[in-house]
Amino acid sequence: MLKFLLRRGGTMLLTALCLTFVVFFLTNLPPNLEKLAKSEASVRMSDADVASWIERNGYGRPILVRYGEWLGVVPGWTNTEADGRLRGRCVDRAPVPAEAPAYCGLLQGYWGFSTFFKAPVGDKLGYHLGLTGILMFWVMMLMVPASLLIGVLAGMREGSRTDRVLSTFSITTTATPEYVSGVVFIVFLASPAGFQLFKGSAASAMDGPTFENFFLPVLTIALYGIGYIARMTRASMTEVMTAQYIRTARLKGLSFGAIVLRHALRNALIAPFTVIMLQFPWLLNGVVIVETLFNYKGFGWTLVQAAGNNDIELLLACSVVAVFVVLVTQLISDVGYVFLNPRIRIA
Amino acid sequence: MEPLGWGGILAGIALRFLPVWIGLAATFAISIAFKRRLGLYGKIFDSTVGMIGLGMVLFWVFTALFAGMIATHDPLAVVSGMKNAKLGSPLPEGFAGYPHYLLGGDNLARDVFSRMVMGAREVLKIAPAATLFAFMVGITLGLPAGYFGGTLDMVLSFLANLVLAFPVILLFYLLVTPEIVETGIPVIMAAVLFLLPILFLVLLWNSRYRVAPMQRNVLVAVTLVVGFWLYAGLAFDADPLGLISMPANLLIVFVSVVFVNAPTVFRIVRGLTLDIKTRDYVAAAQTRGEGPWYIMLWEILPNARGPLIVDFCLRIGYTTILLGTLGFFGLGVSPESPDWGSTINEGRRLLSVFPHPALVPALALMSLVLGLNLLADGLREESLRD
Amino acid sequence: MTDPAPHPAAEPGTAAAPILEIENLSISFFTRLREIPAVMDFSCTVMPGEAMGLVGESGCGKSTVALAVMRDLGKNGRIVGGRIRFKGRDLTTLGDTELRDIRGKEIAMIYQEPMASLNPAMKVGRQLMEVPMIHEGIGAAEARARALEVVSDVRLPDPARILNAYPHQLSGGQQQRIVIAMALMSKPALLILDEPTTALDVTVEAAVVDLVKDLGRKYGTSMLFISHNLGLVLEVCDRICVMYSGEAVETGAVSDVFDRMRHPYTQALFRSIPLPGADKTTRPLVAIPGNFPLPHERPQGCNFGPRCDHFVAGRCDAADVPMFEVPGQDRHATRCLRFAEIDWSAPAKAARAGEKVPVGDVVLRMDDLRKYYEVSGGLFGGGARKVVKANETLSFEAREGETLAIVGESGCGKSTFAKVLMGLETATSGRILLYNQEIQDTPIEKRSPETVGSVQMVFQNPFDTLNPSMTVGRQIIRALEVFGEGRTDAEREARMLELLDLVKLPREFATRMPRQLSGGQKQRVGIARAFAGGAKIVVADEPVSALDVSVQAAVTDLLMEIQRKNRTTLLFISHDLSIVRYLSDRVMVMYLGHVVEIGSTDQVFSPPYHPYTEALLSAVPIADTHVRKKRIVLEGEIPSAMNPPPGCPFQTRCRWKHEVAGGLCEREVPPMRTLAPGHQIKCHLPAAVLAGMEPVITIAAE
């Protein structure tokens, strides 16, 4: 088991490095840097000015070296300006330039400086991540029980009326992306055209989430997941219900309820558990869409702003978070699978 | 002119869709008459769910085909005074052509109905083709990974997981930007990804006809010529005949969608291959000395087709959603484009006041994806039946 | 059989009320298109303590009867007529609650796949304890004590540890014992066993059957034993009911039905299975002509009519045939109109004896062949690498026109050997000589088409042997193409049709898809494909074990016939010693990668034996009341090839081990010893002990 975790950890680390490097590479392409130079210095710079700006601000070093700087394994760049002022990646933020540390990157806890927020990335990201955390918490609270319940009820008796109704519902919700359901909800539940039960904007929820201002965004994200997980649960449940050991249980004289609760449920939940965990990357999509749609300034909103405003360091930080979330959920899913399924709990 | 009431609007829409109704009726009549001879396709007509799904999908396919006949106005034409017009509003006096905006006007005074109809064409132009490419790529890589296993499998699976670990939205934000198009990365990606389908076909013919070199040479030659002609046109926009071209912003959308979908297909194909390669008929092929590619493409792949067809339907739906997402964030498509995603994005600003410009494409997109999902469900059920 | 004594309670007239009484039961399955009758007018009675055998080929409805007794026919199945009375109560009218009280407590069921019957996510102990806890309302502690007791009753070692194990941690044989234990937890009055040993190896099967017999006696349980294997039924049951196409065709005491059968189907069945004394040249098997009718294509009148030698048009196909009592015997009945007219002792007509094929030169020689695999231990890729010795010092030769049988249970290395011979794997060391050409290091890609074509294989599972998405003709043509047969497409097409003729399939089959064929027909296509390149050596890996008895004979015959015609060398891999004895010239017995005995068929089947061969012979059920078998039950499981025991591979289960002095068996792998010309065994036993061995099977005088 330990060996498995180590191997898994190694793969995760390698994946994280590869992914962050790809993001680093894509965000630091020459056109992006040029755009950065123009937005930071002056829009009407000549090509030569741009080149020298890039050079002076440490963006001219080879990409791998700069990736190392960003990670914190290569010393940050330093430069002496024409006026004799010492500048550098780590120097600029140190109170006394001469005492600046050689390394300042992710490993040292420095996430970079956001050109959009005009503030260190680390400070801002924490706040916005927290907002998304609240959103995700409620999404999970709604999504997981609802989807498992629907899936189990539908899969318990395949082909019954309950099954048909619930399956139709799940298919419909999986066919409805967040930007469609969000729009539909706002039109029918939060505008004068329909019933004005909720607020069409969750901006006020950032200070104090209430049922009125927070339910629609939560529902919009959860709905897509509910359909998807419920279908997986149903498929898994119907498969388990036709297994031989369920017949064994039935022929032991167990009642239907006891069969479902004692014999079917645990086996049927193995697959959906993996699905729920792997649902996170997709939820992130939903988060971005819903936060944009409902004007809720969480992580997704930050990501959109960073990408839209060519805020390289902020975008990089967002990707690190996203990749981290994805990898951790994958790990939990793997470990949980082993834990739930005694058949593979060996070694 | 009077504005139309609800009855008038519905009647007007139903009438505009006449070519679609005729097409649907003809397809269903012919298919049901010959369903026993049509294999898996015919079996859809044994399942209510499958038929409903197919009907919804075909509705949009025919709409895309006959969009020119159905649309009442030019989707880009602006008519003054029709800004955010209500459903069924008449056009101002003196305008030739169709006298009403059936589903109202948007905030630029364009016809919502016509934009929705033309949008179907935009969506159905890209989604199935991108999905098909993703399948070709996924199959060409998934088969050897599953069949040979070992280091090849390890490397390919690692790469697939790498792409899958990328949040889709982030990937789109990174890839589908004008800056990236400038660097030429999309063309490189297209050059690599589009090479795989040609490779796939060449391997397919070569393994099958290696015992008949004449036939093989002809087929391989035809594949290479046609393949590289399309390849030049699609990937490099350099078709010597000038027939095929792909604008750079569309190419990047296309490539990104293929790139996002291919790893999932890879995983499915790899899993199916692992299962099917233990069958005796594969062993029989091995003991008669067949090459690995023959076994993969002619012994394993045809027997994996059931789950793959089902996934194909689901994946077109998923791709449609992705394209909508791109449109929603205004990525990759031209702002004028009537595609559903960007129309929803445009309409959402005035959502609480004028819901119809966003609601109409939203419902259209939902019904297409729902149709694809139902179709996949019907197919799955029917293919499991025997 | 050494134990012919009937169970005490089964003597007629002693017990008054029957435990189970099925009267004119009819069961149908309903699909969207039609009603499919699965069982028609089925009657049988099981007395207390009696074991009733239900025999028939797949699809005859025997399992449906069992499920009907449990009232578990699923959504589509329905009892459309008749009654099932259990201890006087009619089960067909019981409500859900009453049914639940009977299931598991009064009637328990055991079925084919032990692994599938146990909940993978629940410990064995809990699954056992559940039964008395729901039915008798006893506490967990008491239930656990009961479970411990029953688990020791099914002769499992270390019951306490077993109760704490998950099903996957047990071997197949252990799992089946747990399933049996679970059935016995509430001491039911009736036990239904549906092919309980089909998934197990022969020696394990013998032990389980032995256990079932003993427990039946100990607990006084009545049994309904469902099987396709007549030999097993003879060993376990007192009475038998033969089913054909949804009907009982003959029922009676086992001895009556086996020795004085009164239905043509029963007789045909017995004539199509290899019994001691049958021989491929002098007394060949007689296959039943035709095919099993599909449920919706049953003929008018007698269902067996179209395949029956005694069929009389106008009588047999006039109306449904009822059951007739056979006078003068104990509850013996038959569904044959003409049972009184037929001369039942007349010998089989079709005994078309072929001449013996003279054996030619050596075509294949294996010299000290070894194949080792390296596998990584554990599922997570960690752990030390282990070497699996799949084949150890394999040496033998095979001649032209000869049938060499390779016998062994799972894990004995027979499939690895086949892979190495075919070139799918290369040998670790040693030599394979094919026509004096070394091929052990030549993988199949490097072999010439002629070499590949001359060594071909027939596979075990007919449902898996053909590519489901390619027509039959196309698959044969592909083989012809690959082997370079025929110059044009037309020539190959013609050759393909000839091959279909060779395997006695109609030429129309060329355009059919495999799913339109029955199991036996698919196996024929597989044979045709194997002979496409003019194969000189054919490896047949259990080619008939997955087929129904009546089809087995036909397919075996076909193989023999082609062999005779082409002078093919047949390497026949099987675990079924009856069929091996019937068709092979020489036999090679393998255990855990070692050849433990090799010799001519007569030499191997008569003493002196290798101890493993002896046990194997004793384990094979034989459907002949005249055969007396010595009962040798092997204890324990077959060791894993990953972790073989030190010394002699068989020493962990050998009953002769104490005859060898000084624990030699546990230390050293025995050398190959030649006992007689051509007869070799790998055993430490002294010559005197070997010479003193008694035959396992003897045929009693009439």
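Here the chain labels run A, B and C in written order, and each chain numbers its own residues starting at 1.
Following the convention adopted for this analysis, a residue touches a chain if its C-beta (ideal position, glycine included) is under 8 Å from a C-beta of that chain, and two chains touch if they have at least 3 such contacts.
In this text, all values refer to a predicted model and were calculated from it rather than measured experimentally.
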item	value
Chains linked by the largest number of contacting C-beta pairs	A-B
Reference chain C; chain at largest CA-centroid distance	A
Mean-CA-position distance for chain C and chain B (Å)	51
Rounded Å distance between chain A and chain B, as computed from the means of their C-alpha atoms	26
Distance from chain C to chain A - Cα centre to Cα centre, in angstrom	55
Multi-chain contact residues (two or more partners), chain C	none
Sites on chain B at which at least two other chains make contact	none
List of chain A residues in touch with chain C within their complex	1, 3-4, 7, 159, 243-245, 247-255, 258, 262-263, 266-267, 270, 340-344, 346-347
Partner chain B, residues of chain A touching it in the complex	11, 14-15, 18-19, 22-23, 26-27, 29-32, 35, 171-172, 174-177, 179-180, 183-184, 186-187, 190-193, 200, 281-282, 284-285, 288-289, 292-293, 300, 303-304, 307, 315, 318-319, 322-323, 326-327, 330
Partner chain C, residues of chain B touching it in the complex	211-212, 279-281, 283-291, 298-299, 302-303, 305, 386
Touching residues (chain side chain C, partner chain A) in the complex	70, 72, 75, 99-105, 108-109, 111, 113, 116-122, 130-131, 134-135, 166, 168, 179, 182, 377-383
Of all residues in chain C, those that touch chain B in their complex	422-424, 444-445, 447, 449, 452-453, 455-457, 459-461, 464-470, 479, 481-484, 515, 526, 529, 533
